[in-house]
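Just below is one structure, and these are the notes that go with it.
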Amino acid sequence: MDLTLLMYLIPSLIMFGCGVYGFLTRKNMIAIMISLELMLNSIDINFVVFNRFLFPDQYEGMFFTLFAIAIAAAETAVALAIIINVFRAVKNVDINEITKLKF
Amino acid sequence: MDYSQFLLMPQEVGLLLVFLLVFIYDTFMPQRSQRALPVFTTVLFAIYTAICFVPCEVGSAFAGMIETNQATWAMKNILNVGMLIVLMQAAKWTNEEFMRVRRGEFYELLLLTLFGMFLMISARHFLLFVIGLETASLPIACLAAFEKKRYESHEAAAKYVFTAIFSSAIFLLGISFVYGIAGTLYYNDIATMIIGQKSTLLVVALAFVIAGVGFKLSLVPFHQWTADVYQGAPTAVTAYLSVISKGAAAFSFLVIMAQVFGAAYSTAWEWMLYAVIILTITIGNLFAMRQHNLKRFLAFSSISQAGYIMLGVIAANTLGMASMMYYVLVYVFSNLAAFGVIAAIERQTGKTTTDDYNGLFKTNPWLSFTMMLAMFSLGGIPPFAGFFSKFFIFVGACKTGSVAVYVLVLIALVNTIISLYYYLLVVKAMFIRQDDCAIPTLKSSCGERAAMIVCALGIILIGLASCIYTSLTEYTAAIANIFSQI
Amino acid sequence: MPLSFSIAVIAIPLLMFLFLGLAGVKMGRKLTGVLGVIAMGVTTVIAYGVALTYFFDSSYIVDGVRKAVIVWNPDWLSFAKDYVVRMGIAIDPIAAMMLVVITTISFMVHLYSLGYMSDHHGNPEKGFQRFYADLALFTFSMLGLVVATNLFQIFVFFEMVGVSSYLLIGFYYHSPAAIHASKKAFIVTRLADLFFLLGIMILGYYTKSFDFFGQNGLTGICDSQEAAQSAISMAGGATFMGCSVMAWALTFIFIGGAGKSAMYPLHIWLPDAMEGPTPVSALIHAATMVVAGVFLVARLFPLYVIEQGAMEIICVVGAFTAFYAAAIACVQSDIKRALAFSTISQIAFMMTSLAVSSANGALIEIHGGYGLGYMASMFHLFTHAMFKALLFLCAGAIIHAVHSNENSDMHGLHKYMPITSIAFLIGCLAIAGIPPFAGFWSKDEILVACYEKGLGWGLWMSAVAGMTAFYMFRIYFLIFHWKEHKVHTEHKPADQVWTMTLPLIILSVVSVVAGFVPMHDLVTWDGKELHTQLNWTVAGSSVGIACVGIALAFVMYFKENALPSKMKNAFSGLWEAAYHRFYMDELYQFITHKVIFKAICVPIAWFDRKFIDGFMNLMADATSQAAYGIRRLQSGSIQGYVYLYLIGALAIAVVGMVCVLM
Amino acid sequence: MIFDNILIYFAIVPLLTLGGLALCNNKGIKAIRAVAVTGASVLVALALYLVKLFLDARGAGDTSEMILRSDYMWYAPLNIKLALGVDGVSVVMILLSAFIVLTGVFASWKINPLPKQFFLWFFLLSTGVFGFFISIDLFTMFMFYEVALIPMYLLIGIWGSGNKNYSAMKLTLMLMGGSAFLMLALIGIYFHSAADGNYTMNILEIAKNNAVPQSWQLYLFPMAFVGFGVLGAMFPFHTWSPDGHASAPTAVSMLHAGVLMKLGGYGCFRIAIYLMPYAANVIGPVFLTLTGISIVYGAFSACVQTDLKYINAYSSVSHCGMVLFAILMFNQTAMTGAVLQMLSHGLMTALFFALIGMIYGRTHTRDIREMGGMMQIMPYLGVGYVIAGLASLGLPGLSGFVAEMTIFFGSFEHPDMFHRVFTIAGASSIVITAVYILRVVGKLLFGAVQNEHHRELTDASWDERVATAVLIVCVAIIGCFPNFFVNIITDSFLPVVDALKNAM
């Protein structure tokens, strides 16, 4: 059985959906962080798959993925640092703790 | 590799040089001369800004990934000016005790984000754009968290970083769809590939791209981080965020929409943007009406201003583009004037609510005067620059000639009344209300004062001096081809 | 004296007004008064000169017709290139006559006021200078009115006399009654002026000219019967609600005149106007301003005779008012009010006289035109001005002496004020129409004209003439005879100072002789001489009726007796109604306060605040409510933000898809 | 060179005065007054000189629509110019403004606190007013228009009285709301100003091109008319006026009622009607109805007010309604009457507000129920008030009469029932006006003194006398010599009337 484009795209979409769902439901900031990673990674899959299946004669998607991974790493680093900051401030990583600024 | 290509991006290179010099100074100069860092940076940046006004060569570099033209040059100069004002305002604040160890970082991060924005402006390839976008947005999360003693600072940073990453994920998803459709990430190539396409995927991609950039621009409903971050972040950062970041995003947004998705203009994104603009202006105004914290108030005001800026995008013509750049320029001066006053007062008294400003005119006439200029300019009152920029952006939008856009402009105009209401509330607090325990007479630092004078002069003169707008129209006319698809 | 001197007649009072108005406060009272009197005297002399020149210089008679002379007529206000309002001076018979009347009475009043206004209940009168300034203003306005060259100018001066009347009625501005009266006078006449204005607008719309007399090749509407006919025909037979528009216009103009001349039902202001100082009542509310309406109709007489419908209305209104006012005058106890109703009645005589003069074609042959009634009306205007001014000035002297307006405070003054008493008696005889006093001659002509219109009209007006004699002598007897009031022995009222007495004497003389002025030669509607002779039947019967009236008054009021109170009790309903002026004031009060104020103004003001303004406030409130309502969107939770973000992104995707599909 | 044209000095002089005031010391009240009076006097002199220039030009046979024309390119990309030019209407409006500014300065002689700031805003407002009248370019006109609006907020807010915050905000927002519609209308006109794509903002050129499509006119005309109508206090957009006037300080009420509300009427005919004659013909009756309502409605409302300023504000609604009413009659006579009415209302309302301010400054109440017998206490002010009242109710010899008569006679030129009915309704306002004017005169000036403390009050001081005397003389001059003004004004309406006829 040949693996078609959709066979990659659908899991990627599910992955993205999981990420979104996780982001919206988890209370722990770390878990939210992980959900975000899921989303970013699913996008990477998209790029790679599109490149591989649709436009196999160039590497733009691949390169993009490489950069995206790096960026994701940077984002994670910054996010973690900030989570630590928040933890120092409120002694907690519950996302519902940081809702002082509103309306 | 042809290194002469770097000559086509002199502003970026220059900015990197400034960054390097600041970095070197910060790293290698002894502790006692660290206090001079703000002045050093500001002066250096001022020199750089001045040099940048020398017209640069036009062309594209690095296989067309980056393009320099008169419009990008002008836009970057506008941002440089704004950045310079921010640096002047921040000089005193960065010399405060708690900033002692982080002074250098502050400047370095600030300069880096600016560099990212330059990339966004000049990028003609989505990879470069994404890099620019992330460079411009991630450091801001760190900057927002700068005031370690204040809880709000942390909350702001956390909110910013999570929503920003989420937003960039959505944006990247959109880009991946575009890539899937077009097979390339060059703006021009995508444009030619999608002519005549009416796929659902493209529309979704478009929506996600609008969402991603709309996040930077704080368009409703992608705006919600704005108020919290503006309120929580240090005022210098807020000022920076509200104008520079917004300006860069607006410009690149216009370029992407016109150049990449131009073919889908009338079929799709005109109406998507239409809805977004109405929401942005109205919701921004409604929220701004009832704010008491001035920083938060300005956040919502800036959301609504972003809606007006978008009128220049929906115009999708050179006049609209010029008007948009002009609007950003005026907005830089007006908003920075307001933030300058807020920062000066907050630094010395820690007060940021409207009620604290009661009777300010009696004690601090010049601060009040500057603030009033800013408010009038933001409200679009002649003869201040804001009036001209608003008028031109409406003219630009109406140039499309469609009745729908006229209706949109009417909605925007009706909203100006609401906006005028809340701008006048600030004026009222300062000039009309009386308070026995008004803020005492303050002494602003040289930097703050200079920044305020620059802003005030800008507000008064930019509108009256027509040459600026005229040259902007010339610059945008030179790149009229980006609208060829529309 | 060249007619151009008439400019001075107008200009001197105006200058006096400005001078006294601006510099009066800095001047002494004596100086002001003397200056005013001298100026008025000079004006009077010039006016006499002008009038006599006009009447007796044959160069103004062309082909047996006394032509109007336009002395001065510059453009004042251009509505369009050929639709121009002018302001000027035109001398024609009635204008010349009016110049004489106005300046005479005004001069008398100026002189009289020197004494009358010098003290007020023993205190120096405040605003003496203001009084003279206002008198000058009034004189100027009235003179401007009568020499008007066009209808619009009449309107302008109608307003001016209205205002000066307002100022003078309200002279005692600390008295609420005076303020109220002045306000009422102004507003009622203003209402009438509104109709006047409408009339002018209609007339002007069709004729595109307001000029009475032709000049520079143009013809005026009153130049001749033909000119009037062509002016009327300019309407092209346009009608409104079945009547020709010109009839409407002329009726409206008459309403304007009726307001000033206190015709029923617009008469209500005049009795109240008696709150003003008595000299003012004599000048404005007896002799001059109140005849402005008569003057107006007389001025437009050539037009009115063509539009018979309008004439009929005037006739009915005039005849009714004459009777109505006379009936009220019979029971009033305030002597000034009684005189005021007498004035209304007499003016109605003049109006009726004007209106009956076009009764039927047969008259034209007998009298050589429509003009008997016209001439009689003008004649009566002239004589009435003299003797009514006399009566008022006498009343002023009496009031000054006893400090009261009520006849119950006066009784039996004959002994104390002989000169005043005789002067008053002469006035009464004149108004009652006893020969050879002035009123006889003019009233007789009026009655003749009425009889010629129809027997009914004649009898009606004769009856009113009889009532006139009755009520005048009722007043006379109640003041000077009846039972002497015992207060008089203490206060000793007496004839007043010479400045006040001299005018009485002069006017008495005039009242005796004015009837011999050859008015039918001088003042006729078409400028031709009118040949009249005394109609002995009418004259005899009217004198007879007058004598009956006087006799009745003598019986009832000469000596104290119970007859009046018996009569009062016998006809108590009628008496009450007449005493309360048939409740017209109450009706007006109801309309203005209950209907206009309570039912229109208050609701409108309420509507404005609550609805119109409320709507604006509602919009503001709705906006801030909306702002409050949506605040939960900004929940403060990151997940909430992202949730909305996602929905927003998908929503705009949907928008885009809808667009793509469409 | 831009300074060659005398018109520009009408904008420059107030700005120079602003500069001069800025240099004054906050405490140096004498210097501040001197600068302000000098500036205002120069403006009056300039205005008189302008009248002379205008008469000379017309006398010399110059029949061009506008005189003293000159264009200075400002925003070339949009073809926005600083286009200057005046016709008869602008000349008299400038004259009016100059006098009101001068008397306004005198009326605020003792303004307190912050005299310097007061005059700064005051002259900024004047700059806007004069700029509006001298320019004939839509953009510059609009800009000056808004320049004139916004100082009101602070002038009322800081120096006002009563419920000033509310009033100032309401006034500003409502007027700005009007100008929001106006701005869209201007942009719409601009983009249809020429058939060949050479868009222009110059009124004369737009009128000449006559290129605004009829379908667009139908949308743009109401916006422009309402935009100006709000400022002209047209029913139902008049509600800012009572509150605003009631709270504003004297000079501001004067300037606002005297000049600023005139901008509305002026804009209505110069922009809305002149540039969109087709729509004016079609939609005119709707607005005519509204203005007709304004006249009667304002007058009736004024009858029951007890606050002096409210009475005058509603009276202004009525009188300004008459201005718009006359303009909408679309004939030369009525339109001339409209301008006369603007002049007349400008002067006499300024006079009214000046007097009210002076009385209020002494008694500290404006409620007529709490006052009485003022004539005995302050005869000068009392007489002034009576004269103002008489002018307002249309006494011949004062300005109100000639204006109203010209309007009524012009309006009556329309033979159809619709116009007739409204003309008669409008004319009936002269009676209602008399009612409320005499009511207030009777209560305020005559009768017994209500409050014994008032007996100690003084009459007008010399600065107040100057302010009122100048206005009274102006009112009388217009009333006595109306043809002088009519001749200046009336030809200016020929182009408008022609445009309206051609568009029928």
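Which chain is which? They are A, B, C and D, in the order written, and residues in each are numbered from 1.
One rule holds for everything that comes next: contacts are C-beta pairs under 8 Å (C-beta built on N, C-alpha and C of every residue); 3 or more make two chains touch, one makes a residue touch a chain.
What you see is a predicted model; the values in this text were computed from it and never measured.
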Steps in the shortest chain-to-chain touch route ending at chain D and beginning at chain A: 2
Contacts common to chain B and chain C (chain labels): A, D
Chain occupying the middle, per Cα centroid: D
Selected pair, greater C-beta contact count between B-D and A-B: A-B
Approximate Å spacing (C-alpha centroids) for the pair chain A, chain B: 27
For chain B paired with chain D, centre-to-centre distance based on mean C-alpha positions, whole Å: 42
For chain A paired with chain C, centre-to-centre distance based on mean C-alpha positions, whole Å: 97
Whole-Å gap between the CA centroids of chain C and chain D: 37
Where chain C touches two or more other chains at once, by residue number: 631, 634, 636, 638, 642, 646
Residues of chain D whose C-beta touches two or more other chains: 173
Residues of chain B whose C-beta touches two or more other chains: 158-159, 162, 166, 227-228
Those chain pairs that satisfy the touch definition: A-B, A-C, B-C, B-D, C-D
Residue ranges of chain C touching chain A (in the complex, touch as defined): 631-632, 634-639, 642-643, 646
Residues of chain A touching chain B in the complex: 16, 19, 23, 29, 32, 36, 39-40, 42-43, 46-47, 50-51, 54-55, 58, 60-61, 63-64, 67-68, 71, 74-75, 78-79, 81-83, 85-86, 88-90, 98, 100-102
Chain B residues touching chain D - in the complex, by the definition given at the top: 319, 322, 376, 381-383, 387, 391-392, 394-395, 398-399, 401, 406, 409-410, 413-414, 416-417, 420-421, 424, 427-428, 431-432, 466, 469-470, 473
Contact set on chain B toward chain C in their complex: 158-159, 162-163, 166-167, 170, 198, 200, 203-204, 206-208, 210-211, 215, 220-222, 224-225, 227-228, 267-272, 275-276, 283, 286-287, 289-290, 418
Residues on chain C engaged by chain B in the complex (per definition of touch): 623-624, 626-628, 630-631, 633-634, 636, 638, 640-642, 644-653, 655-660
